[in-house]
């Protein structure tokens, strides 16, 4: 059976208005998620703005999450960096910190082929004795982690699981079927608007950015799935699609990363979990008008009192 | 007048067979370039595999180049990283080391728009008082540094120069014309196979990866340009295009970065300047057969005795 | 309620070994599909190689399908062409021929924006009084038919339905939710490996290229969906995913279109429905070895006697 | 020696306000170009909106150009279409009409590989006995005509020349060098802002859309090149870059094709050569304000009295 399943939200990294890590806010976020019943915590992912944080800041985030979590849930740590050696450094730190698994993308910036991508994961696995999750994020890395590459790495015992944020559900399903004889393999989706579907086809979990804002919704969705109640899962997912409208509020005035991370942070700010909707340089924070639009969505969906 | 002009090769970072920086080889490379008459040294660029090296390794490379150079030529330091804060850290180190200018790409990994790209450069310039060269490398960053963005940043005094590796010669020319009223602005091309053309349209210099292997060729090309001898410049460039055949030797067996960096390193190894053609993980080194093909090209072009 | 629902396979256009339309084979294909219980016939789509056929050949295909169908099922006609006027000509011919709906892509070749895409559909609808299905096929047109554009066109009464072959299931679902107040709108998916999922989220039908080969499988999937038997739908879809292995047999030796259309035609040839696996110039037919591999897959899945 | 050299503008296809071909305007355009001293006429290219015109309309354009030209200049006919058979039909019509060469792109819409691209050109050449110009236009076809493919086709005697609108000047130069032993091969550039450069590296001609508006400028540029006067060529090209500002006037309010074709047509309308700035559906015409901006540019450059 897969070692990990369920709802594992990718935690945002709350920042103070001066750009420091907001540790109290991060602690409240961990409690917010755990109390909602999520199944794991994924820290330092794309949504966690890991790429914007140096080793020190990443360490601070990781340590605090581990401390607050205090063993209650499995902790996944993103070890996102452009090249193998840097990823291994992050992975060693994460291992020392006591995480349960690490999550690595393909290399980026350099123009590598799939054989080199495979070597990248092999080197990470050899250097750090922890379950390794391959993270397919071609919108950011601009390199697709191909199905055949993942299957090969699973068969070699290099990769334990996949976090698929490619949006390519057909290739994802084919991979699930290709690896049907590897019951220990686990596959999570980052496609947060079709979780009911992806679970129904055999995925083992979901890593929803929106799960920062509405973890209870994703937990209900997961439970409906476990109970085989497809209608309830669909209804919950459709409600979450409406909540996801927050990520469209600022599109056009800023880049996609700003609009997405900023929306989640603004919602958490409105929910009084974090102290600011600050994002990392050079991303842009949402403004007052955009915050009001987000508040309106949260009110409409009953996530906040109107 | 522009502060910097001429041939400024982007130095490869020689590695030992165990992946350490080959400092003696790096020193020989610096002397190889200076004795050929180049006009500046660009260290820690894409060709220098900067993205693969951590701060410590980058510092070692930079210090050694500055020490060996000993003030003979201006030194440019790449400060390549995915996000603003990390770039600023590299830039501060470079400034302490005593470089003459820093070279920064757009952010990468995150999905940012041109306004955020501009803010990125503004923040770097504000943090570090050194001439800032904007480096347009969309094949690696997957974000085009648009002409209007560069022009705006030059007019604001944020950006002093451009290193254009986009391959989009038409937009490059338009930028030169747009900034005709900014005589202090300098524009270098990384399009190493059309240097005669780009200089003839007003570019101020070239940053040729192939200049590691044949710096004298690029110096002759530059001198022909200075002397207004278009025919000689063209002849030299066409010869250099033949030398550039080395970068096609390994294509198909590895990714583009491996094939390119590996070809340059293999040539320098054949020229006995560096001790190994090792490249950074997960890139792949060229093999014996590919090295022989590269040796053949060098012999044909008289760069090595046959 | 939507006017059209269910399984509507996009018919291949069988060719003789000299490249003429194989009308007897086309007739057998229509009977093969109708006898399997499909709900409609989509002729002259991408899989029908419409882009390779001139008006005369398209007319011949359409007339024969309509004649053989003889009113048993609704007939959809692709009116695929690069620009508005040509699409309208195809649409007028299709209307004269007696089809039930027409299916048009965005323009291609020219570089148009979404406002021009919308005008394209408006002009088609105004010229031809038939239900107009917008066909999102960015892998071929290189222009995404954006969710907002489709929603706007549906609200204007221009577009009656959508055939989504973009693979972007999240945007597809959002569109279904955006248009929840338009119960007459129908949305078909071309994502033939996740049909159970897409139907479960509210899609009204499927246009599966693989449905040429195994229409009964898709009909069983559809019936399972109608009966609310998610498990049966999933099982059927997973079996169809194995059949879809035929489309991977020739990848690497030819382009994607050849590999896909050729696989379907080779399967139909092995099933003795069409007389040749010929494809249109410059596509390449599958060879004997590839045909044997496809036969093997069909045998394994029980679609052909071994 | 190459059969064709010099300035060969791609004629726009003037339209009346109701969308018919404006034959008198087309005749005046031909005279405008011939009297400026151009070296050939390229009709029915991308700029000629060929993709928007059916065979009848294309025939009307071609016949009129050939009649008005009356043998004074070589005439090139675009035979642009998505697939081989349609291209061959256009080519046969063009041959009957008496053109001197035909110009064909790669296939588009279908997803083909380079071997299939090569077969496409082979089939065209075999069907129609006319010099065949391969037209590399990846911005429209989304398939790069690779250097190796062109070189192979030239060596086979399939392709006589190249029209390169890829913008990839480095690959273009490499091709010129690769084919240095084929003196009959001719290579034209569509990169209308760097013509001085591309000619200086050995290209044989230019197909400038802007040459509709200012043919005398490109003729002067060509003559300066022939006379080896690089400074004069550069000066002329820089002036033409300023004229090219017309193509940026409408960007943002419409797609790129509309903005470009519309700018040229608006300029010709202001020059009283054509009767309307109408473009083909679904492209958008420039409005009064944009026309005024274009008039301003023409006045500034002395192409029209102020």
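We call the chains A, B, C and D, going by the order they appear; numbering starts again at 1 in every chain.
The working rule: contacts are C-beta pairs under 8 Å (C-beta built on N, C-alpha and C of every residue); 3 or more make two chains touch, one makes a residue touch a chain.
Note that this is a predicted model, so its numbers are computed, not measured.
For the self-contact between subunit C and subunit D, the two sides draw on mostly identical residue numbers; the shared fraction is above half.
Rounded to whole angstrom units, the spacing between the C-alpha centres of subunit B and subunit D is 35. Between subunit B and subunit C, the centres computed from C-alpha atoms are 49 Å apart.
Of all residues in subunit A, none touches two or more other chains.
Pairs of chains meeting the touch criterion are A-B, A-C, B-D, C-D.
Here subunit D touches subunit C in the complex through residues 46, 51-54, 80, 82-86, 89, 107-113, 115-117, 119-120, 123, 139-142, 254-258, 280-284, going by the rule given at the top. Subunit D makes touch with subunit B in their complex at residues 167-170, 173-174, 177, 191, 193-194, 196-198, 200-201, 230, 234, 237-238, 241-242.
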